[in-house]
Amino acid sequence: MTETPTIAIQLLCFGIARDLTAAPEITLHLRSRPDDPLTIAHVRKALLESYPAFGDLVSFAIARNEAYARDADPVVATDVLAIIPPVSGG
Amino acid sequence: MTETPTIAIQLLCFGIARDLTAAPEITLHLRSRPDDPLTIAHVRKALLESYPAFGDLVSFAIARNEAYARDADPVVATDVLAIIPPVSGG
Amino acid sequence: MLDIDLSDSPLSVDHCYGKVQDPSCGGICLFVGTIRNHSKGEPVVRLEFDSYAPMALKEMRRIAGQAKEQFGLTSVVLHHRVGKLAIGDIAVIIAVSSAHRAAAFDGCEWIIDELKKDVPIWKKEFRPDGSYWVNARP
Amino acid sequence: MLDIDLSDSPLSVDHCYGKVQDPSCGGICLFVGTIRNHSKGEPVVRLEFDSYAPMALKEMRRIAGQAKEQFGLTSVVLHHRVGKLAIGDIAVIIAVSSAHRAAAFDGCEWIIDELKKDVPIWKKEFRPDGSYWVNARP
């Protein structure tokens, strides 16, 4: 059984996300299997595993290519992803 | 039978009222009888008799002492009256 | 705070904003009414406002005070222009501040609706075919 | 016309008013959001806004465009400040013009409501007891 290679997924961090990761950008290493292709849901799960403090927030969204993404949306290595904590503009 | 003396009632004219009377102020001579004291309704009736063109307006109000008056409100010679054509501020 | 004015000089949006601005308020709503170049399909060239000034000021003060009370506003500024105006000139500015923005929007809209119903100010439109007192005739 | 901006320089009410002013429009509504000296009963000393600028601009443009369409507005200006702000500073200005004033009020209020829901901008409040990202924690 060959190991599926990992994909490096970069996530931009803003607001409280930057405080929780102590970085403007983090990298998560994830596997995309033919029978279970990578989605936003996987990224969300991996983020909570690496940075459990995100579980203390009211909620957070993930943006893909500068638009809100849904959990089922596919993710490829070239996508620009960002963590979107609860917004508070205005 | 003695004639009731007339009271001189001044009416300020604004907007189209000034055009219809061709004056910033007009005087109407009205009688106030003990059994039929002078009211806004009498002033309105006398105005329409002297200046029938007011009958062509959508409506007009009469102000007494810088407040909207009702037809039944009494009028005395010292009151400041004004014709208030339909307003169009703003 | 209530600030009411009838003026034959140009009105300023920044000036009215500055008067209602308050460190305790997060939401400010302004309404600015300007002179349009058309009215009911007819071109308008310029405009004149006549007013019964002392009564207009009383009515404006009554409306502003009632809005402040009814909508829980912090400050209300209500400035109306009179005299000769050109297209694009400002006829009226309403500025209200409030802790909650919904009250600011509702209060500001209520004030302009009431002003148009009750304040003794009259608009004469000058069109290419003559001049007309607005709303006067059927 | 749509005019969208995220800026680390002070916002101007007169500037936004001038952009939506139009000789065909009679009604202009503005909303100005300012920095309050208190929040949920706690004193606030100053404030910082972080933003995901390219996405924030896209969301602001989407909201402004949808409001223009949905409420039949003529012009929409939507300017948001980022960076360090003091009490009383302007955080956001929304200016909309319309032939009918009811649409101007409704459209302007809809834009600020949507902005507060969707635009990726984050407010950090500095209080005497520390600093807090607003809305982040339960």
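Letters A, B, C and D mark the chains as written, and numbering starts fresh at 1 in each.
Methods note: a contact is a pair of C-beta atoms (placed from the backbone, for glycine too) under 8 Å apart; a residue touches a chain by one contact, two chains touch by 3 or more.
In this text the structure is predicted, and so the values were computed from the model without any measurement.
Enquirer: Apart from chain C, which chains are still tied to one another through touching, counting links that pass through other chains?
Expert: A, D | B
Enquirer: Hey, how far is the Cα centre of chain B from the one of chain C, in Å?
Expert: The computed centroid separation for chain B versus chain C comes out at 28 Å.
Enquirer: Averaging only over C-alpha atoms, locate the centres of chain A and chain B and give their separation in whole Å.
Expert: It comes to 77 Å between the two C-alpha centres.
Enquirer: Where the CA atoms of chain A average out and where those of chain C average out, how many Å apart are those spots?
Expert: Chain centroid spacing, chain A to chain C, equals 51 Å.
Enquirer: Compute the distance, rounded to whole Å, between the mean C-alpha positions of chain C and chain D.
Expert: Distance between chain centres: 23 Å.
Enquirer: Listing for chain A: what residues touch at least two other chains?
Expert: Where chain A is concerned, no single residue meets two or more other chains.
Enquirer: Could you tell me which residues belong to chain D and also touch two or more other chains?
Expert: Correct list: 33, 112.
Enquirer: So, with touch as defined above, which chain pairs make the list?
Expert: All chain pairs meeting the touch criterion are A-D, B-C, C-D.
Enquirer: Show me the residue ranges of chain B that touch chain C in the complex, using the header's touch definition.
Expert: So the residues of chain B touching chain C come out as 12, 14-16, 18-19, 56-58, 63, 66-68, 82, 84-90.
Enquirer: Please output the residues of chain C touching chain B within their complex, sorted ascending.
Expert: 33, 49-52, 54-56, 58, 80, 91-92, 112, 115-124, 133-138
Enquirer: What does chain C use to touch chain D in their complex?
Expert: 12-14, 17, 21, 23-38, 87-88, 101-102, 104-105, 108-109, 112
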